[in-house]
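Look at the two complexes coming up: subunit A is in both, with subunit B in one and subunit C in the other.
Here is the complex of A and B:
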C-alpha cells in the first residue's frame, strides 16, 4: 500500500498550513510524469522510526509533520535521482526494544533504502547496533552525543541536528560574558542532567567562570522549595535543565523563592519545548534566557528559507500550529527532520544511489560532506558536517523572554560549539 | 560516556496522541500539578464519606424503593434486527483486520488500532454501561457464525457449573495484553491477534454452541453484559443505575472475579504510569525505558493488583460478616458486595481514557476519510484538523480534570449506595446493616482517595 498518499493525509491530520498544502498540491505521485526520466520510477523508501506512542509522542507528532513536509517538497522538486520519496512510518513506541524491531521490519519487510528520524537517545542507542548488523544507513535526529562519542557504528549518522555537547559548550561564552561567571547549576539527577553538568562545568571554566554549586534534583521530585536555599548567595547565574511534568512547578516555586530580586537565569528550551511561554506560572521567566535550536517566534531578521520552512510545516509566527494556535510546536528540534531528509537526498544524488547495494556509497558520500550553507534545505542555518564523527555542527540561538515571547539576543557561532573529535568512523569497515 | 537521554517535555506532554489504552491521558500533567488537587481529593473523599453517613439515616428498606424499576413495556417481543447489525459488525471487523494487515504501518493512520482502542474499548464500553445495549448490535462474533450455520447444533455441552470462569481467565489475559504487551498498538500485530481470537471464538461457538460460548467464554460479551447491569434501562424497565443488580440478575463467584479483575486492571492501569510505581520498580520516570523493558514488572504488578484487591476486599467483607449478629455466609456476601464495585470499575475506565479519547476520536474521524491510505477524502472528513492545543490551556485542563474526578467520586457514591442496599438484603436491623459494611466503608473511602490521587499524580510512562 503506498505511503506517498499518506503524506497528504498526515499533513491534513496534523494541521499543516498552506505552504505544505501548496507543495503537496502538485500531486506528485509515484510513476507520474515528474519522475519519468529516472532509470527506475520505483520510490526511494525511507523508513521513518516515529515516536507515535510512548513518552516521545508529543515530539513524534511534530517530527511527523516536518518529515512529511520535507518529503512533499522533495517530491515537488522531482524526488531523489528522479525517483519519488516514499515515507514508511513505523511506531517505535519510544521504546529501544521496539526500535530495534522496527529497523528489522524496515530492512526485511518494507525493504527500505534508509532509516531515519529517531529522537530519543535510548531508542537510538537501542536501535543503532541493529542498523549496523542490517547494514542499514540510520540517520538519527536525536541531538544525543552518542553518535559523535563513538559508541555507535558507521551506519549511524546525525547530519541534520547538532549534538547536546556542542549546544552546551557553545553557551558558555555568552553566559560568562553577559550574565555572570559564578554559576549554580540545577539539573535532574540522572544521565541527562549529569551530561549538562559535566559539559558546561568544563566549558565555563574555559571562559574564566566557575560553577559554584551543583544542585542535583531527584527525578521523582515534584516540589523544589527545599532545594533553593542551597543556592549560594554569590551566584550570578542559575543554569537549569529541569524536565518532566513538574517543570511548571519548578519555575513557579523558583519565582516565589526569589521574589523580585533574582540572579540571571539561563535554561534550555527543552524544559518548555511545546509549552506556551505565556502559560500561567511562567511569568517568572520574564527576562530570563533560553537556548533554542531554532527560534520559536518569528524574528524580524528571519531568513527567507526559515520563513518558507515555517510555512511548510504549518507553524505560525508564535511557533504554534496555524490551525490550532494552542498547539505549540517542538520548534527547537523538528527542523532536524527536514534538514536530515535533504541531506539524504544530497547524499543519494552525490552517490548516484540506485538501491540497497549502494548503501555504503551513500554513507561515504555523506561522510564526504562538509559545508552545508543556510538554504531552504538547511533553514536553521549554516552547518558543517564532520564526516569522521558523523555529526553536524551549527549555530545556536540564545533567546530572552520578554512580553510573553522569545527573542534572539545572541547567536553562537559554529566555532563556539566545536570540540575535539572523539572517533573516526571512516576507519571502520562496512 | 553516559548516554544523554532526551526526556524533555515528552514527559511533560505525555503521549496525548497515543492510540492505545495503556498510554492514556495526561498531556496536561504540568498544569494538573499546579491545581489544588489535595483540596479536591479531600472534597471528593468527604462526598463519599457523607454519602455513607446519610445512608445510615435511612430506614431499612427505603433504598429498595428507590432502586425499584418502573416497568413500562415488558411484553415486547424479541426482534432479530440486531442480527443484521452483528453481520455488519463482522464485515467491519474483517475490513479492519485487512486494514491492519495491509494498511498504513503508523498506528495513528491505521483504523485497526484506532477503531479497536478508541471506538470499541474506550467509547463502546462506556455507552454499554451507561446508555444502551450497543454490544447486542455490534457484537461481531455471532454475525458470521449465524450466516454460516443458521441452525447450528452444539457438538459438546458447556457445563453450566463452569459459569463465566473461562471469560474471567480470558479477560485477565486481555488486560495483560493491554498493559504489558510491548506493542499492542502495532496494526499488523493487532490484526493478527483479532483474527486469531475471532477464529478461536468461531471454533468455540461451533463446538459448544453460540449462546453458551458467548455467555460463558467470550470475555467481551460476558464483560459487556455484566457492565450493562449498571444501565438505567433493561427490557422496558427503568430505574436508578444499579437497580438491575437486585432484580433478576444472578451472580456467582466467577462474576465477582470478573468485577475484581476489571477494577484491579483499571486501577493498575492508572498506577503503573505514576512516578510512585516507577520508583518502586527502580525506573527513573524521566528516563522511561519503554514497554519492552517492563513486560515482567507490569505483568507481575497487574496480577498482583488483582490478588491484592481480592484479598483486601475479601477481608473487608469478612470482617463485616463476623461482626454482625445474623449468620451470613461469607461467600454469598463476597459475591454480592463485589458486584457493587462495578460502578467504580466503569468510572475509572471513563476517567482513565477521557483525555486520550478526546484526541483520538478526532484522529479516527480524520482517518475514516481515507481508510486504505489511497489518498481519498471521503465525506470531506480528511480536512478535519486534529486539535490537541486544548490540552495545554490551563482552563480546559482544569475542566477536564474536574470532570474525571467528578466521575470517579460519583462512581464511588453509587457503589456505596449499592453496597448499602446489598447489606439490607443480608441483614434486618439497622445495626447489622451498618456493621456488615464497616470494613467496606473504610475501603471505599480509601479507594476514593486512591482514585483521585491517581488522577493527580505525576506520571512518567
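Here is the complex of A and C:
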C-alpha cells in the first residue's frame, strides 16, 4: 500500500514562499537576498511637497494634477526599474517652516526615496537645508534662481523648469527690438520683484536699452493709482510682474490711468496664472504681451508631445480644466512637475536605483544629464541641463493678448537664456 | 512641600525629554527638537501674558530679531555660532527695551494694537532691506557654519540635545523666576494693577522688565531656530508667528510653567496629524481651540491645576 501525499504542488510553493518571506522578514536569509526580494516590488516613493493651502494653493492644485498624471503615465509604462511609483503628498501650507517639517516627515516617517514639487522660493529655501542634512534628493519646480545661484546644496536640483534669471534675460532682446528701449518696471517690493528688477535691468542695458524708472510696490498695497504718476513720460514699455490677489485691481487701475493711449506693456503671466484672461476688468490687457513658460492656449503649431501632455493633464484648448472650464490652469509652470518626474525616472534608471543607499548615485546620474530633447517626457520643448549648477534651461514664449486669448508671437531660444555658471555643485561632497 | 513637588515635576519633564530621544522614532525626535525651540518662545510669551497679564500681538518681532541677529552676524559679520547667538539675543533684548518704552504707555486693547503695529513695521523693515535680508525669500546658514567646538549641530543628536539644553535652561530659569519676588509682583500686576501700584510697586518698571525678559527668551528661540534649522526668513516675523505663542500658551495653560511646552506639543501634533487627513486642518485646529475654550478655558495645565493638581506651578 502506497501512502499518497495530499500536499499539492501549489501548496508546496505557497508554503515555500511564505517560509522564505518569513525568513526574509525575520532577517534569517542572507541580507542581500532578503533585501532584493523585498525591494523588487516595493514602490518607489516620491514625496510631493504640495502648496495645498496658503498663498500658493492655486499652483498647488495644478501641480498636483500634473504630478499625478505623470505618475500614472510612468506606472502605465512599467514604473521605474520595474517598480511602481507612489506619490505621497503632504501640504506645506506655502510656509518655509512647515516645508522643512514636511521634508523631515518624508525622510523619517514616510521613508520616501526623493522629495519633489515645491514652487514658492521661500519654501524651497526654508526646506533645502533639511534636504541636505537628511541627504534626501530634493527636486524643486520653483523657477527661482536660488538653485543656480549656489545658495543651496548638492541634494537640491531643478531639472524641469528654467529659472527666473534665464527667463528674464531671454525676454530682453524681444522687448528692446519690438516694444521699445525705455522701460519702466513695476514690481512687488520683495525678493521675487527684486530678482526681476536686477536681472532685467542688466539684460536690457546689454540690448542698448535702459530702465528709466523702477517702481516698487509694497506687498501690503491694495490700490495702485498713486504709483502711476511716477511713470516717466518718455516710457516706451511698462514691464510689470505683480502677483497675488491685487493683480486684477492693478490692471484695472492701470487701464483707467492710461485710457486709450498707453505705452507698450509687457508682463509675466505669473500675474495671471489660474486667472481667466477674459475676466471682467482685464480688457485693458488686449494687445499687451506676456511671458509664458508654456502656451496656455493651444497653438496651431502645438507639437504632438505638447498635445498629448495637454490631454494627459485634462486641460482644454483654452488652458482650463476639461471638466470645469472655469478652473483655469497654472499652465505656464505646471509642466515642470511632469518633466521633473520623468527626469527622476531617467535618473533612477541610469543609476540602477534600488533604494535610499543609491541616492548619491541618483544625483550623480542627473548631474551627468545634458540634452533633453522635446518629447512626451519634455513636452514644453528641448532642455539643456547644467549638472554643475543643477539647473535646466529651455525655450521661453512671448504671447500677445488678442480676442481674449494668448497667442505666441515669439519664442526665445535656449541660448537667449544662458548665463555664466555661478556654482559647481559637483565639487561639493555628499 | 510645594517647592519639592515643583522641583520634582520640572525634573521629570526634563528627564522625559531626554528619554524621548531614545524611544521616539526619528521623525518625532526631529519634531521634538523643533518643539523645544518653539516652547522657549512660548515660555517667554507666557511671562508677559500668563504672569503679567499683558497680551502682546507682536512677539514675532522679538523672535525674528533673534533669528536675524544670529543669521546676519554670521553671514555678513563672519561670526561663529556662539558670538552670533549672543548678537541675536542682544538684538531681541534691545528691541524689547525700545518697544517696551513706547508700547507700555498704552494698556489693554491699545497695547495689543501697538505691539501688532510695531511687529508689522519690523516685518516691513526686513522686506525693505531685502538686499541684506533677501526679503521674503530669506537666506540660509550653511551646514558647515553651524558647529560649536567641532560639534556639528546639524546631526539629529546634536540638534536634539542643543535644543534640550537651551530649553532646560529657559524652563528652569523661568520656573525660578516666577517663584521669585519679582514673579510674584508680576502676578500682582496681572491680578490688580492699581492695587499693586498702591502697594508701592513701580508697575511701569516691572512691566518693562517683564517685557524685556520675555523678548530675550523669544530672541533665544529665534536664534536657536536659525542655528539648528539653518534658515532665516521674513515669514517668522509675520503676524501668524505672533499669534502662535498666544495659542500655545492659551492651550497649554497661561500662568503655568509646563503649559507652554504642553501647548506647543498639542498644537504641533494637532496640525501634523490632521493635515495628513484633510487640507482643512486649520479648521480642525480651530474647532479644538473652541472646544478647549468652552470646556477648559484655563488651558490643559490650568485645568489640571484647578481640578486635580492644585500645587501645579
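Here are some notes:
Note that in this section the second predicted complex is superposed on the first by the 391 of 430 C-alpha atoms of A that agree within 3 Å, B and C clash if a C-alpha of one lies under 4 Å from a C-alpha of the other, contacts with A are read in each partner's own complex, and residues count from 1 in each chain.
Convention: a residue touches a chain if its C-beta (ideal position, glycine included) is under 8 Å from a C-beta of that chain, and two chains touch if they have at least 3 such contacts.
Everything numeric in this text was worked out from a predicted model, so none of it was measured.
With subunit A as the common reference, the superposed partners subunit B and subunit C clash. In the superposition on chain A, contact is made by A:133 with subunit C only, not with subunit B. By the touch criterion defined above, A:153 reaches subunit C but does not reach subunit B.
Legend: residue contacts after superposition of the two complexes on their common chain; A:81 is shown touching neither subunit B nor subunit C.
Once chain A of one complex is fitted onto chain A of the other, the partner contacts of A:108 are limited to subunit C, with no touch recorded for subunit B.
Of the two partner chains, both subunit B and subunit C are touched by A:125.
More residues of subunit A lie in touch with B than with the remaining chain of the pair subunit B and subunit C.
Legend: residue contacts after superposition of the two complexes on their common chain; A:52 is shown touching both subunit B and subunit C. Only one segment of subunit B in 291-299, 363-371, 381-389 or 417-425 runs into subunit C in the superposed model, and that segment is 291-299.
Within subunit A, the residues touched by subunit B in the first complex and by subunit C in the second are 52-53, 90-91, 95-97, 101, 105, 121-122, 125, 144, 146, 151, 190-192, 194, 219-220.
Remark: subunit A residues 52-53, 90-91, 95-97, 100-101, 104-105, 107-109, 121-122, 125-126, 128-130, 132-133, 144, 146, 151-153, 189-192, 194, 218-220 touch subunit C in the complex. Subunit A contributes residues 1-3, 5-6, 8-10, 12-15, 29, 50-61, 64, 88-91, 93-98, 101, 105, 110, 119-123, 125, 142-146, 149, 151, 164, 188, 190-192, 194-195, 219-220, 222, 243-249, 252, 270-276, 279-281, 320-321, 323-328, 330 to its touches with subunit B in the complex.
On the subunit C side of its complex with subunit A, the touching residues are 25-27, 30-31, 34, 124, 127-128, 130-131, 134-141, 143, 154, 229-231, 233-236, 272, 275-276, 279, 281-282. Interface residues of subunit B, counted against subunit A in their complex, comprise 1-20, 23, 26-27, 29-34, 102-109, 182-183, 185-186, 275-276, 278-279, 284-293, 363, 366-367, 369-370, 372-375, 382-383, 385-390, 392-394, 458-461.
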